Every structure is written in C-alpha cells, then in structure tokens.
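What follows is chain A paired twice: with chain B in the first complex and chain C in the second.
== the complex of A and B ==
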C-alpha cells in the first residue's frame, strides 16, 4: 500500500476511534440527563420512600442519598486512618529493604484489580462468621477494603516524590523520624491525600456490588452504625428492576443524582489537587 | 504504621484464604473438574455446574475486548503521537471522567440505549447467517452483545490511559531516528514505536481484560441472566459475577450453595490476580527502563 495513503487511512481510523470514545462519554451523560431530569422532582431528594413507593406512589430517595453519603464518608475516613500511615511507612526511612516495599506495592497494585463483588462476598462471609447483620458498619468496612489499595498507592506516589534533601535537612536539625514524617513530609503529600480521598470517595459512592450484601437496604435513614443502610447505586438497581415505568423513571433520576455527585467530585479533585500544591517544593 | 502497611500488603492473601476456606466444603465433596465443566446448575438438587457461567464470563469479556482494544489503542496512539498538547490536555481528563462513572450508571445507560439497539439489530443481523450471531431465539436485547458493548466502554479508560503513558515513555530518539530515515509518522508508530511499546500495550490490554472480567453490576443489568450455554451473541448469558450478586445472601437454606458461590468468587479472583500480576510486572519493567534510560 502507498505509505502516504496508509498514513491518511490510519489517521482517519484513529480520529474516528477517539471520537467514538469521547462520544460515548457524552452519550452516557446525555442519555442519563435526558431521561433523568424530567423525573427529578424536589420531593425525590427530600423525602424517604412512603408506603407503595416502589409501586409508583409518593416518596423519594433521601434514604439512599443519606445512606450513600454515610457509607462514603465513613469508609473514606476509615481508609485514611489506615492508608496514611501505611503509605508513609513505605518510605526508605521506615522499610529499609526495598524488596519489602516493592512487594507491598506490587500486592496493592494487584489488589486494585480485585472486583468489588469479590470484596462483597468476602465481607459478607466474614460478617456471617462474626455474627454481624447487614449494616452501615459492614458496608463501611467493605468499602474501606476496596479503597485501601487506591488510597495507599495514590498517596505513596506523592510520598515518593518528596525530595530526599528535604528530609535530610529536617534530620540535620535534629528531628526524629516521626517528626520529619508528620510535620515535613505530610505537608508535601497533602495534594496527594486530597486526590486520593476524592478518588476513593468517587469509587465508593458508586460501587454497588460490594455493599449489596453487606450494607443491606432499608427505606429508613440509618440511625446507628448497626442499622442497615440504603445506597444510591442499589436504589437505582432496585427501582430499575420494578416493572412500573414510573418507578423506572425514578431510577433514571437517581442515576442522574449519582452521576452529578461523581462528576462534581471528579472535577473537584482536579481543582483541589492544584490548589494544595502551593506548599510543595520541587 | 508498619502494622498498617503489613495489613494492606497481606490483604490479598487474607481474602484468598477466607474464600478458599469457605469454598472447601464443596471442593471436598465434588471434583473440581465436575464443578468447572458440568453445565447443570440446580442448587436445590445439589448440582453445581459452573460451566455456563464461566463460558458466559469469557464470551462477554471477549466481545468487550474485541470492541475496546482496537478503538482504545488507536485513540491512545492518536493522543500520544499525533495530538497537540492542548488537545491531549483536554481529552485525557475526559477519559479519566469516563473511568469515574459508576457501573450502575453504565447499566442504566445500557438498558436505555444498548439493549433496545441490540433488540433492533438482532433480527436483521441474525438473518445474515454470520456464525455465532444467529438469532434462533427471539432476542429481548438483554444479551451477551449488550453486555459486551457496555463493558467495552467501561474498559476504554483503562487501556487508553496506560497505553498513552507507555507511548510517552518511549525515548524521543526512537522517533527522530525513524523519521529521519524518511518514514511517515504512521510507519514510525508501526515499525519503531510499536516494537518498544508492545509489552506495555499488552499490559494495558490485560488490565482492561481483568477489569471486564470482574465487572458486576453494569453487566448484570444488561446481560439477561439466563443460565444457559449461549450459542449466539444475541442470547442472554449469566456471567460469574452476576451469578454471585444475584444469588449470594439468600442461599443459606440450601447446603453447599454458598460454598459454590464462594468458589466462583475464588476462581474469578485467582484468574484476575494472575492477569493483573503479569500486567503489573510488565509495567514495572517499563517504568524502570524509563528511569534508568
């Protein structure tokens, strides 16, 4: 084949592929907005399901919105408590053998690929073993497991970028390892933490498979950690599964709510990442 | 701190161990080959053949990859090699955005657009006599093909973002050398860059594949969930993750049922871990090459 013709042919192919990929994003957003917006009424956002809601009667998905927010915030907090120390300890200062740090990183990267349904099944098994019922706490714990690899690796990537000179300067002033880590290094890592938090938040608020058995579902707003909690993804799933068009409409509206939350978080993570970086030395 | 790191590092093993212990009862009573290759799934009669589910998983993933791999790689090459910096900076965040959309939303979208689309084309394409695309049964649109298309879109960002990084990591001299010999840009990509980038692309594809293999909700919502060995892309199917999601939690009364489902989860996990491990090892090599070279 003529090489210039080939060049042109592939350029067209590449451009059309890219158009299709980007187009599919707009298609997803457009379809969800167009179908969801008409069904999205104020009462959907401010009321919990009333009797007969799933048959098309009065009510809203406030239970699911609040439940999702509880689940996401709870799990992000818990995951942070584990991830920040874990990511900081992957530094040379703590783990002397690079091989150990290397294998922990590798195992986290591999864990990242674990499907959430497997976490869900695992979490439910453990909960059965401990005699726990499906609850907000169960959902939070499973979502935490889901987030740990994402968070640690995201924070770790920024910890790696902290210049060794900075740490040495700090040590030279007579600080302990602990002070250097939690007063010097952590400031450099803040943008990484912010990005990690939002990344994990977005992932956990949208995940359904892991909380299907562990968080349960209820029409009430959970009052304690041991109550079952509703969630937006499952609300969408259940409403879509009913045979009534009015209820399915509400599923579209709920999907729109979820999509907006996720997109806002995603855009915010970008903006915040840049904002926090003003203290960073490079 | 070290405890946290140790916990995180060993999480994979904890999950595998727990799933193994819980799927042991069924492994003790039935040979693995029967569980994997038998196609009758009648839990109430003690028959747990996962074969149709395993096959469904492979089919739906294969369809997704057939769509996603060429589109993603071509897009990635364009973004990495042809596009101006300004376009790249605008499009890559959009690709990331695509990765952030929750599976359920993809599922809703699939039900609204892809499923009717598949139902519409099924009789037309089915009459053409293409193998594996016959429309023997009436297709509702909830089918392997619908699952594959939705999955493909979910896999785009995984393959694209890694492939773009891999191409950007190829030293600039490679391009200069090729272009100075009079090669066109595409020839440079095809002969020079591809050779260097191939392992990275393979890793990207494997990671996309693992993502597709384990995806649950979106597929569950569009794939039909009928326990048969599908013979056409317009047939419904019942992939492993969907099987677990639909049945787990309500199987306590039937002996060995939970054990069988956890075995399904274990199989899924082991396959995915193997693939991800391979892909990661390749990517780590590439990263080293970049930092050293």
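== the complex of A and C ==
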C-alpha cells in the first residue's frame, strides 16, 4: 500500500515539474512570437537601421543579424579548432597524472561558470592595452574564450566514455596515440562534439555582456574583421530600452529572429550528429 | 616464427604484486595454453608480452620478455612494430566503430600497405594456407581492374581466412557493431591477422561465444598454428586439452608448472596442478 502511494506521489511530482518546464518554455516562445510576429516585416530582415529607426522610423536589423552570425559562427569555428585537440589531450593516454587532468577540468568548470561580463571586461582591458578598437575580431576572440571551457568539458565528458577496450583494440594493431585518438576515438566522440557546438553556440549568440565593449555596436554591416559589429542581443536591449511601443515590438521581432537561428542550428547539429553516429559502439 | 622467452617477469598494479618472478619459454609454432584460476594473472602475463599492459593505470613491469632475443622492454624497443608483430585477441570482441570492410582495412592502411605490397601479402598468405582457399581466381582478376581492387581482395582474403566471408559478403559496408558476438570475434581475428603478426595472443577468446562460434575459432587456431606462435589463455580445461600443444599453469601470480600439454593437463607433477585439474581449486 505504501509503495503504491509512493508511486503515485512520484508520478504527480514528475508530471508537475514537466508541466512547469514545458509550460515556461511555451510561455517564453508565445510572448516572443505574439509580440514579435506583427513587427517582423520583410524590411526588418533586409535593411539596416535608417535615420530615426530607434524612434520608430524606417529600417531593419540586418546589421545585427549579420553581425550575430559572423560573431557566433566565427567564434564557434575558432573555439572548435582549439577545443577538440584540448579535450582529446585530457585523455590518460596523454596526461598520465590524474591530478593534473583533475586540476585542468576543475579550472575549466570554474571558467564555464564565470559570468560573461567578466570575459567582456577582460577582453576590453586587453584591447585597450593593445590599442584596439571594438571590432568584429575582438568580439569573436572574446566569444571564443567564453566557449572554450564549455566545448572542452562537453567533449571531454564523451571522450571519457570511450571504452578502454576500444583503445586497447586499436593499440594492439600497432597504432600510435595520435592514430588511435584521431581515427578511432574521434568517431565515438562526434555526437559529443555536435552537442558541444550546440551548447557553445547557444551561449555565444545569446550573450550581450561580453561583446558590448569588445564588438561594439554599429548600424552598418561590418566590412572587415576590424570594423565594429552589431549583434541581436544588443539590438534587443537597445530597442527594448526606448520609450516607443513600436520600437519595443521590434525588439520582440529581433528576439524571434534569434530564436529561429538557434532552432535551425540545433536541428542541423542534431542531424549532423546522427548522421555521423552510424558506426558508433554503444 | 619468433621465439618468446620470459625472464624474471614481475608485474604489479600499485602495491599489488600480480606476477611474481615468471621465467618460462614459449615454443614457436605451437599453441601454448595458459591456465589457472581466475585472478591468478593470466591476462596480465599475456598483455605483458606485447606491452598492452602499459595501458593500465599504475602498472610496473620488471624483468625481460625476449622475442627473438630482443628485450621488448628495452627503452629503445619499437613498441609499434612489437604490437604489429604480436597480435592480440581480447576476451570480449570490440569492433572498431566503422564498417566491416574498414575494420579489416584499418590495420594495413595504418601501416601504409598498398598496391603491390597488398598483392605480395596475399601471396604470402596463400602459401601459408595451401589447403584453404582464401583467394579464388575470379576475385583475383577483379583486383587488377577495379579501383581499390587490391584492398578489396585483401579484405576478402582475411574474411575468408577467418571463416566469415560467406556471412558478410553482401553487407561489407554495414557497421561492424551490428554483427553477432561470435561474428565479431572472427572479425577481430581477421583484423588481427591483417597486419601480418607472427604471434597471436588470445585472452579467453571463446568465453563470450556460443558453442558453434567457439568451435569455429578453435578450428581457426589449429589451422593457424603452422604459421603463427599462439598463446591462448583459456578458462576451460577441456579447450586446453582439445587444442593446446604446450601448457603453463599459473597460480597466484607464480608459475607452478609448464611443459607439453599432454603432461601438464593429464599427468602433472605438482600437487597444485593436480588439485586444479581435479577441480579442487578454482
């Protein structure tokens, strides 16, 4: 009797937390869509802000869309190039001392938890020191730093799951550590890399604090890495901060664009991950 | 065929001495069975022969393993060619996360075997197995005309040698992990042979197999012993009696007795071996 009660109680608990999770997600999406969709005109997507845009006049947020895409894709690519080798090198094959690997993981976890404004402040200080102005490049680099701990740790967790027997099988054929790592281990890790990209992309495209001073903001589309770049989170922030309801609505439209980009990237990286996981041992 | 001599081999995991001063010769061109109760150090001894043991954490090895007179633990020894020369078959087969075809082609590709060398390897293989048709004439002809024909031929030959060809010839591109455990173990045998080893170490290779697959593997070993030195850890005395020429009895990390299989397994000198064989200790 007691056990049945337990079972029922847990069922209620599960259902209510699931409802809360799905409900709040739904609420966020609903608010963004309901407020944003009416303002999402073609000109929003195809034009840069014209004079008086922030007062409710003509223009769009193409500068922020392009800027965000440059910033996010550029930094994801750079961060991947750094994180894949770094995560693979945390294997016991390379770092024999478990204490060293443990400390590296701990520091990465601390970095993961560090607020992005700290990265922004750090990047800003370095750029001031170097005499650089806010630019696309500065933004990409700071976003890369922001992503590295996320990517390394997310990939690292899947590298840890690679069966020891698999590595043994590979080494038994006379392979080097490099061959075992980059021809065998990497196959098992590919879906993990897809997840890591997703987590890192989400954090970088949605972040405003780290790029406020490093990428800057501009009404133009950046023409080179050294030009400042606009971004969707900051576009939302600025538009929502105006006293004009029609401009505030455009903020929601911008949020909707951001939401769609994240959705597309999620679906795409999942699909890629699935595609590559055909041969994986489970 | 190489001659293996083990001299004063001591292996410990941390403070746990697992092998205590093992000195024994392993005859070439025969099947040597290592028997003993579980936990006595059979796997450890086997993996010490091609230094796979070094993949374990906190392992310490002392003493010598001489293969054709060269100590494999010499700091200058080439560990990659050692592992190529001394193949390993694990207790539970572990397919590489790739197709059946690539599981066989992986080793030769890693060692840079291609074109003419492949054909030479096949010829050598045929000389070894005169009464076992590993390379039918029609396949040989297609090898000349097709792109990658040599590698296709090599894959076919080794799959035939392992008695797997007829079962997988129509699905070579399928993930190897989809095969049954018995098929995976024969695939593992083919993969091990594909890098032209001279010694085959097998760690209870039939313990996870059904009786039919187990019998197939045993038959393979009896055929292969003409050309390879085989060291077989086995958990069943019956298997040792069926196929072993030579036997080594280990007990608590010490070598108690060794000699021709007929003697050690049927009329041992040592009291402990008698006790093990009669089932008193296990």
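We take it that the second predicted complex is superposed on the first by the 246 of 282 C-alpha atoms of A that agree within 3 Å, B and C clash if a C-alpha of one lies under 4 Å from a C-alpha of the other, contacts with A are read in each partner's own complex, and residues count from 1 in each chain.
As a working rule, a residue touches a chain if its C-beta (ideal position, glycine included) is under 8 Å from a C-beta of that chain, and two chains touch if they have at least 3 such contacts.
Treat the numbers as computed from the prediction; the structure is a model and nothing was measured.
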Open item on the list: Quick check for you: in the superposed arrangement, does A:11 touch first (chain B), second (chain C), both or neither?
Closed with: first
- [ ] Would you sort A:197 into first (chain B), second (chain C), both or neither based on which partner it touches?
- [x] neither
TODO: Pick one for A:65: touches chain B only (first), chain C only (second), both, or neither.
DONE: neither
- [ ] Applying the touch criterion given at the start, work out whether A:213 contacts chain B, chain C, both or neither, answering first, second, both or neither.
- [x] first
Open item on the list: For the overlaid complexes, name the partner, chain B or chain C, with more touching residues on chain A.
Closed with: B
Open item on the list: Going by the contact rule set out at the top, does A:172 touch chain B (first), chain C (second), both, or neither?
Closed with: second
- [ ] Return first, second, both or neither, reflecting whether A:150 touches chain B, chain C, both chains, or no partner chain.
- [x] neither
- [ ] Please indicate which partner A:236 is in contact with in the superposed arrangement: first for chain B, second for chain C, both, or neither.
- [x] first
TODO: Report the residues of chain C in contact with chain A in the complex, numbered from low to high.
DONE: 50, 52, 55, 57, 80-84, 87-88, 90, 92, 94-99, 106-107, 110-111, 175-177, 188, 191-192, 195
Task: Residues of chain A defined as touching chain C within the complex - done: 92-93, 163-176, 179, 183-184, 187-188, 278-282
Open item on the list: Looking at the complex, which residues from chain B come into contact with chain A?
Closed with: 1-2, 4-5, 7-12, 15, 18-19, 22, 70-72, 74-75, 77-79, 82, 91, 93-98, 100-109, 111-113, 153, 156, 160, 184-187, 207, 210-211, 213-217, 221, 241, 244-245, 248-249, 261-262, 265, 268-269, 272-273, 275-277, 280-281, 284
- [ ] Within their complex, state which residues of chain A touch chain B.
- [x] 3-4, 6-7, 10-11, 13-15, 17-18, 20-22, 24-25, 27-28, 31-32, 35, 82-83, 85-86, 88-90, 94-95, 103-104, 106-122, 124-126, 145, 148-149, 152, 202-203, 205-209, 212-213, 232-233, 236-237, 240, 251-252, 255, 258-259, 262-263, 265-266, 270
